[in-house]
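Below, chain A partners chain B and then partners chain C, in two separate complexes.
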Partner chain A sequence: MHLQQLSRAAHGSLRIDPDKACGEVAGSHLVPLSRAELRQASRCFPLFFVKDLETGQFYPAALLGLKARENLYWDGTAFNADYVPLNIRRLPFYIGGEDPAQGMICIDGDSAGIDPQGECRILEEDGSDSAYIQGIQAMLATLSQQHEATRRFAQAAADLGLLSEIKLDIVLDDGEKIEVAGLYGIDDRNFEQHFDRIETFEEKMLYTAMMLSLDNVAGLVRRKNATNAELAAWHAPAAG
Partner chain B sequence: MPASDSAGKDGTAPNRWGGAQAQFLGTEAVPLWVIDDCHPDASGLCEFAARQAFARREGDYYPGLRAPVPLAYDQWLISLLGPGIANGAAAELELLNCTYAIACDDPANLAPIQLIPHFDSVEDDLLAAVHYLCAPPFAGTAFYRHRRTGFERIDAGRVALFQQALAADARQFGLPASSYQGGSNRAFEQIGAAPLRFNRIVVYPANCLHSGMLGATNLSNDPSLGRLTITTLVRRRSR
Partner chain C sequence: MTRMIRSVCIVGGGAAGWLTAGLLAAQRSLPDGSGLSVTLIESETIGIIGVGEGTWPTMRNTLKKIGISETDFVRRCNASFKQGAKFARWRTDHDDDFYYHPLVLPEGFPTVDLAPYWNAASLEDPATPSFSDAVCFQELLCESHRAPKLITSPEFGGIANYAYHLDAHLFAELVREHCVERLGVKHILDDVNGVERTESGDIAAVVGQRTGRLEADLFVDCTGFASMLLGGALEVPFVDCRDVLFIDRALAVQVPYESDDSPIVSHTVSTGQKHGWIWDIGLKNRRGVGYVYSSSHAEGDDVEAELAAYVGPEFSKLSTREIRIRAGHRAKFWKNNCVAVGMSAGFLEPLEASALVMIELSAEYIASMLPATRAGMEVVAARYNEITQYRWDRVIEFLKLHYVLSERDDTAFWRDNRDPASIPQRLIDQLELWRYNSPSELDFSSSHEMFPAASYQYVLFGMGFKMDPVMQRHALRDPAAAQQAFERNASLKRQLIAKLPTTRDLLSKLEQYEFQKI
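Here is the complex of A and B:
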């Protein structure tokens, strides 16, 4: 990765292929989410809280695979889901600088998404910002503005005692056993017990959405079984 | 994988080797060394092979049969490759899976995965050596870029992505027809080739996408008639 501060002079003529840019997460099994997108994301992915190993703080994330570096929503060409998280859609752009709220827009100069044949341009021919880059700016602004609110939301879940570690024990169609650990979810009993201590209706809705999103683990397992079946076909001898 | 990971640029192996100048293939600069007239008694290696019992190895995706090589072959190969690999640094070579190999399977009997370019290992420090002990019209080894991913080498971090992309290839193009890979197709682009010549050894990273060029000739399981080679994986270890 080679992050460069986005500038009209250096990058104005670039074209972007968003699907190729999203290939950056083809090997990611988790993607961090902003508080602003939790309700939408909860319809597509199982959502968990993940503990940052460096800071010890929790952050909400969508589980995309059942193994490290596995993204079952990446179909080999594109991210295939009804909702695409902001942290994927914004690629190959990043927020640079120490403070996300004050951050500058950067582009990964090494991204495969920078493609002369890409469908999206950064500047229009008259030099104005393209609709595409305006959309990127809006996404990055949302991520930046929601950074602190997302952190507080996750911290509140931990402080209220709503979180419990969740271990997934899965047996696939081919008999393979998979154990997924190190994830935290909203514990329904604790949620009920502390429900009245949650300050706002919106937060109650978001915690509920995250809790119900765990049903999407079944969809993830279906994707895994389908992927395994596709791979098995490559290894099946033609003449038995 | 960046070009800086390629041999000759990170000390894994040198540009020159046994008198051979490395070629660098594709956008990932896959190094390829070709050393001609390498063995002093290549005909003797063929005669030895003719006396061996070739057999299929369980769990092996190689489309043919294998047999043990003469005891002295290991030492000869180390002496050939060692000076180049050492390149002034303290290192020693370990040979893995050094066997005669004769590709003879009817592609109609193979699994689809055996019909596309493959990698021998995901390990960065492993090289593959193929010693040709037959002559044209048998053909050599071709090297490929996987179009969907752009990968020319598959390391551990790329395996899952490569598998996902193969699944997508199958959905879009179908599984490969029952024939060996020959040149470019919709899923793979050929980025180079090592032509076959008797008593030529070719060396390349074990994690690069490659395929024996097996399609245009009649294959035989008789070592004196078939596409006889010796294949070896070579690990360079620091002392």
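Here is the complex of A and C:
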């Protein structure tokens, strides 16, 4: 990764292929979410709280695979889901600098998404910002504005005692056993017990959405089984 | 008439007083005030001794029970993580003379006992790695200044077993604040200058200089060496154990780190000296160092010069504090309606950090077993005395074990420590048995044991003890299982050294971030 501060002079003429840019997450089994998108994301993915390895603090994330570096939503050319999280859609753009709230927009100069054949341009021919880059700016603005609210939301879940560690213990159709640890989710009994201590209706709704999203683990397992079946078919000797 | 036990008065406010108050209030008091009433009266003029800067892993559970978060505790007490003890210059006094007593059990223990295999290997090849290094990954973590856990580990949970190094003054302050603000403990600042007795000999009240009479159903004596209630008012005699453990004096000094990024050592270092040994305890902001010695053996010798040589050139700028130690304990610990906890009950040299853990065990017992009535107290007190006596005896024996196997011949201190007349008979008997069978859990079958068999193995084999190889052959029947365990240990070392941060790094992170509850 080679982050460069985005400038009209240096990057104005670049074209971007957003699908290729998303290839960055082909090997990610977790993607961090912003509080602003939890409700939408909860329909597609199982959502968990995960500990940041550097700080130990919780952040909300969507589980995309059942093993490290496995993304079952990446089909080889695109991120294939009804909802694409902001942290994937905004690629190959990042917020640079120490403080996300004060951050500047950067582009990853090494991204495969920078492609002369790409369908999206950064500037229109008249030199104005393209609709595409305006969309990116809006996403990055949401991510940075919601950064602190997201952190507080996750910490509140921990402080209220809503979380418990969820160990996934899965047996796939081909008999393979998979154990996934290090995930924390809204525990329904804790949620019921502490429900009245949650201050706002919106928070109650978001925690509910996250709790119900755990049912999407079944969908993830189906994807995994389907992928394995495809691979098995590919390896099977030709008939006849 | 049945007299109900509704109130406890704790006299003395060091770690003993406040931990007892905390455990009692957390387990016995109720939010509506209907439970046990706990009052602590402490002197404004008498300071606390503040020894016991090393804990056992039990402290994690104690803090959890009292309700203090690990992050708060570490921050407030300048605490660090302790993963055992390193004993240097105890056996031969050579530069390479050291061994570890880590807090993690030997790999596979007790299902697979690696001691006979290690014993056989080391008899064959003297260059065999030390026992603690061969059977346990924790020595490597200690030698590499690694922490026992990650910032992502839950509070009080670790990857390697651990205890703490802490500042005892700050610790007493934190527990006091928590007890008063959260647990409803009543706090009185006053000097106790009188004890009133009932006809039956119970304590009716203690009398504060300013605040007057303070009645209670149970009195806990946490007055330190003074033992004002149990030793003073109730005249329970002191059982001296200087004939076994000779240490009676400490010279303590606080040593600043050379720089902000000096490594923090995550084990207690105990280094043998001419007339005793030096403790070295790394806190976050400084080291606590002290020379504990036998004043009669050291007579005429310059003990301060020995301590200065250990600390280095900066010693001249530091101020030392001398503490007199009276090794031993009371003949009883609970008499009538008075129980002593902490140094008022007894004290031993801090070789295995037994001071704070004895407080925790005592307070825990009192909190759990406190009877509902005065009549029940006789039964509980008798049991408590039996258990506590057993614990003191085991600690004394275990401390003595560190000395009896020394080969040091440079001073009378080390030679006298090997005099059979100074060794408890039970320890002599055990050592004879261990010539043929490695320490096992069956040697320590009480539910009130202080040290597990593994601890005896670490010290015994660390001090160079060898078992009879001929009589050990039956214990070498499953070399494949042993090999697997040795390999597991080697593999754990590789994994953990790659994964764990340095103690300094983890403590720096804790300034900004907290351990999660789960």
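Keep this in mind: the second predicted complex is superposed on the first by the 238 of 240 C-alpha atoms of A that agree within 3 Å, B and C clash if a C-alpha of one lies under 4 Å from a C-alpha of the other, contacts with A are read in each partner's own complex, and residues count from 1 in each chain.
Just so it is clear, a residue touches a chain if its C-beta (ideal position, glycine included) is under 8 Å from a C-beta of that chain, and two chains touch if they have at least 3 such contacts.
Just so it is clear, the model here is predicted, and its values are computed rather than measured.
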Clash or fit (per the criteria above) of chain B with chain C on chain A: fit
Partner chain in contact with A:57 - chain B first, chain C second, else both or neither: second
Partner chain in contact with A:207 - chain B first, chain C second, else both or neither: neither
Comparing the two partners chain B and chain C, which touches a greater set of residues in chain A: B
First (chain B), second (chain C), both or neither touched by A:153: neither
Touching partner for A:165 - first (chain B), second (chain C), both, neither: second
Partner chain(s) touched by A:191 [first = chain B, second = chain C, both, neither]: neither
Smallest distance from any CA atom of chain C to any CA atom of chain B, in Å, after fitting: 19
Chain A residues contacted in one complex by chain B, in the other by chain C: none
Chain B - residues contacting chain A, complex: 108-113, 148, 150, 157, 160-161, 163-171, 175, 178
Residues of chain C touching chain A in the complex: 150-153, 509, 512-518
Chain C-touching residues of chain A, taken from the complex the two chains share: 51-58, 158, 161, 163-165, 184
Sites on chain A touched by chain B in the complex: 26-27, 67, 69-71, 74-77, 112, 227, 230-231, 233-239
